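A short write-up of the structure that comes next.
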Amino acid sequence: MEIIKINKKDWNGGLAKSRKAYRLYGPIRVADKYFSEFGALAEDEVPDMSATDTRLSPKSIAFPPSEVMLEYTLDENSEDCNIMKVPEKEYPHRAIIGIRPYDAAAYLLVKKNFDTSEVRDPYWCDAYDACTFIGLAVQEPSLLDFSTSTNSGPFDESGLDVLLVDAGDSYLAKVITDKGKAYLKAAGWGKEAGKDAAGKIEALKKKAEAKIQSSVSFDNIRQKSVMELFEADFWEDTAFACMNCGTCTYVCPTCWCFDIQDETHGKKGVRLKVWDSCMYPLFTLHTTGHNPRDAKVQRVRQRFMHKLKYFMDKYEDGIMCVGCGRCIRSCPVNIDIRNVCQLMNG
Amino acid sequence: MLAYIDKIKEISGKLLKDGKVDMVIGFRKGSMPMMNEPCFVREAADVQNLVWDSNCGINLANYLAGRKEKIGIIAKGCDTRNIVTHIVENKIKRDQLTIIGVPCKGMIDRRKVSERFEKEIIEAEEKNGSVIVKSADAEDTLKKEDLLQDNCSICIHRNPVIYDELAADLVEEQKDVDRYADVRKIEAMSAGEKWRYFEDLLAPCIRCYACRNACPLCYCPTCFVDESQPQWVGKTLDPVDSRTFHFLRAYHCAGRCTDCGSCVRACPMGIDVRAFTKKLEKDALDLFGWEAGMSVEERPPLDTFKPDDPEAFIK
Amino acid sequence: MENPYLPYPVRIDDIEIATEDKSLKTFKFVFINKEDEEKFAYKAGQFAELSIPGKGEIPIGIASSPVEKGFVTFTVNRAGLVTTHLHNMKKGDVMGIRGPLGNWYPWDLLAGKNILIVGGGFAFTTLRSSIIYMLDPENRSRFGTIDVVYGARTPGMLLYKDELIEWEKRDDINMHLTIDSPAEGWAYNVGFTPPVTEEKAPKGDENTYAIVCGPPVMIKFTLPVLEKLGYTHDHIIMSLENRMKCGFGMCGRCGIGKELVCKDGPVFTLDQINQTPREY
């Protein structure tokens, strides 16, 4: 495994150099605030490498809150009147700098939904394919971080092309894929780190993992039947505080549900993909007025069952959660997925 | 305020044991610093789980609408005003409720605490009007009054306006607070400045509707943003649609809003949603001498007509 | 791979009022690009998204049959935004169709078996598609007996009435039409679908499958009847409906447990349904 040493003095220069071939994304400190948001970096902007979890997850790089999928004209003089067209879209190379390893791992979970052997969502997939993920290892995990118990972790390489590890006055850049290698080359970073680098990364990883205080376990959930969990008696208590605000689903790096909406302005219009949430009654409302998930408790149950049971059964994989803790932090009424997981696993 | 909890438990336990209520709605300890979780208790033995401190900002009236049980509800000043509004608007019956009033000295805005520390808050303990806060790399003792939610620091109805039981002696109401300094500032702006002000204010909105769902007033079976025939509002982040949503929602709360601050507390993007409702609250006071939720006997000014209602706006 | 969100442009070739109360119309579409018809190759039981630019899309079962070439038909109830607009459209208008979507009745499994079809009201569209498919000279010998119980409130509310009458005359299909209460000139059964099923349907056995489509109340009372007749849960096949958007398993709303009605369904056996939450 190749490890490159990037002197922090060369960091900004390398980023600038890489801009010739890549559009850069990264955490951006919100003015006067204590948090950062993920976004496209302006020409002279550098990513906030000291950022903790961004408030919203970086999922929007491939899954924007609203995205034009198709366009149409209602102009009867046009020969394309009422015929949907795919607009021209470009997907230039993007380097996602400083993404948290578990946020990148979340992309792999979302990929299972958007990129299947039968159907491929071209918008998500093309955007994802254009990304090179230059992750930054988490060395000071937050109180709410339970990523090590979700098959991810603070140094998880699974979703990354390069893993950066902060080593004081330099970054150790572990090259994971050819895509990652190409990015480092474009930035002009090529100095091999010494022989001890791998050991150093391993030691820092152990140290970071040891700092993580919370965890979930879901082994028993796997064994239980869907109906047993669905009919469990703790849902009323779990769901009581919920206001169905949907914040948890909006900040989550793995929630992918969306709505499709047409918007017409004058004679021209677009068909859009828009974030949606299982917390909203409208999500499942039939035209007849019948709603299979009419009650709040049904919607809360759906969210946790999807993440912690249905996903696991469908893909014979782990849970649909990387343990970033955003939903816990943002929930206005402190509903905690760790507690719910424990109840389900109990 | 910490001392209230023993009394709250005692009253709640008795109500449940005597069968006067089927459930008590209150708070239980949260899983992270400065957070508690709204909950219900059905068994007298479980009142031990109830907590009360300055992290109980969620308006519990929000959990009443449409419920059929006999309910004991722990309610601070603003909660009781929204309970009154619910009763007036037929969302719950007065005789279903046993209101356990809690005089309040304001709730902590956890974002204000976070802003004062470089690193994540690990622990926050309340003691005699102070909050001892530990972050990952620092510790400090802060004055609670500096950390209050904005609406709490200008609140003039800290005591419950309606109650059956009291968890403590009534507190002195704040006097000489300037409730509308922020509104006047916006009122004084030119049209262009106002436009930019609201544009900036709403720029972070992700249209999740957390503000609406946290609001005890927003109980419409189908909110106008969810209507499809006709569809009044688009669903994207188009600023026109975000603006339409926030302004219309605010107007729907005119003369009903108690300035409980739930909307601000819930917004994941930290938008000061009160900037909309506050102006209408001020207008209700200026035009009709009206404060929402003060009496179950009176209907809000916008669903009644009085011959002497101001008409200056009809031109 | 093609963009799965992009509908094929179609032209409305014909519109027929399908029920006496005019709440249902049958739309016949032809593909504007001939090659799209081949791409749209479907099986009886599948559905498609009817797409009207500016209004949206609506998932509707395909009423035409794979053995009918040159067009596709859909019978649509006027209910919401898109269907109301569709009902106001005219012959010659252009719109879109996206599909075919979902699974189909398990035709490989059903080969060589006796088939009982139970339908109610306007949930007869994919059942029509299935009957036409099975009665096709190429296919008829591949199936055993075919029994059809179909009920509606009044004779005028039965879909595809001309075809029903034709089928009544054939001896390779046993029709059991019924209406809720007696009507002048009605020569067939009177009564709700479940009791007529109990009286007329063949007994269930290893070689007989029931396909059931209808309003919830009909389903509720028909299932016990089928059990009584000896149909096991893996021999009862149903088609579910849920709110859908994408139609191919990505947007997340139509899930019942881990199954997505749009992609893993809409066709499920009762056995499968029993193992999922009843969230439809």
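All chains are identified by letter, namely A, B and C, in their written order; residue positions are counted from 1 within each chain.
As a convention for this text, a contact is a pair of C-beta atoms (placed from the backbone, for glycine too) under 8 Å apart; a residue touches a chain by one contact, two chains touch by 3 or more.
It should be emphasised that the depicted structure is a prediction, and the values quoted were computed from it without experimental measurement.
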Overall pattern in which the protein chains touch one another (line/ring/star/complete/other): complete
Greatest separation from chain A - chain, by CA centre: C
Mean-CA-position distance for chain B and chain A (Å): 32
Intercentroid distance (Cα basis), chain C paired with chain B, Å: 50
Centre-of-Cα separation between chain C and chain A, whole angstrom: 39
Residues of chain A touching at least two other chains: 259, 261
Per-residue overlap in chain B, given as positions that touch at least 2 other chains: none
Sites on chain C at which at least two other chains make contact: 80
Sites on chain B touched by chain A in the complex: 30-32, 35-40, 58, 62-63, 114-115, 117, 119-120, 122, 136, 206-210, 213-214, 226, 234-237, 265-266, 268-270
Contact footprint of chain C on chain B as seen in their complex: 228-229, 231
Of chain C, residues touching chain A in the complex: 1, 3-7, 9, 32, 51-57, 79-80, 83, 93-96, 241-243, 245-246, 248-258, 275-280
Complex contact set, residues of chain A against chain B: 33-34, 52, 55-56, 65-66, 140, 142-144, 237, 240-241, 243-247, 250-251, 259, 261, 263, 272, 274-275, 277, 280-282, 328-330, 332-336, 338-339
Of chain A, residues touching chain C in the complex: 69-70, 72, 74, 81-84, 86, 113-114, 116, 118-122, 225-227, 230, 256-262, 264, 269, 271, 276, 278, 283-288, 292-293, 298, 302, 305-306, 309-311, 313-314
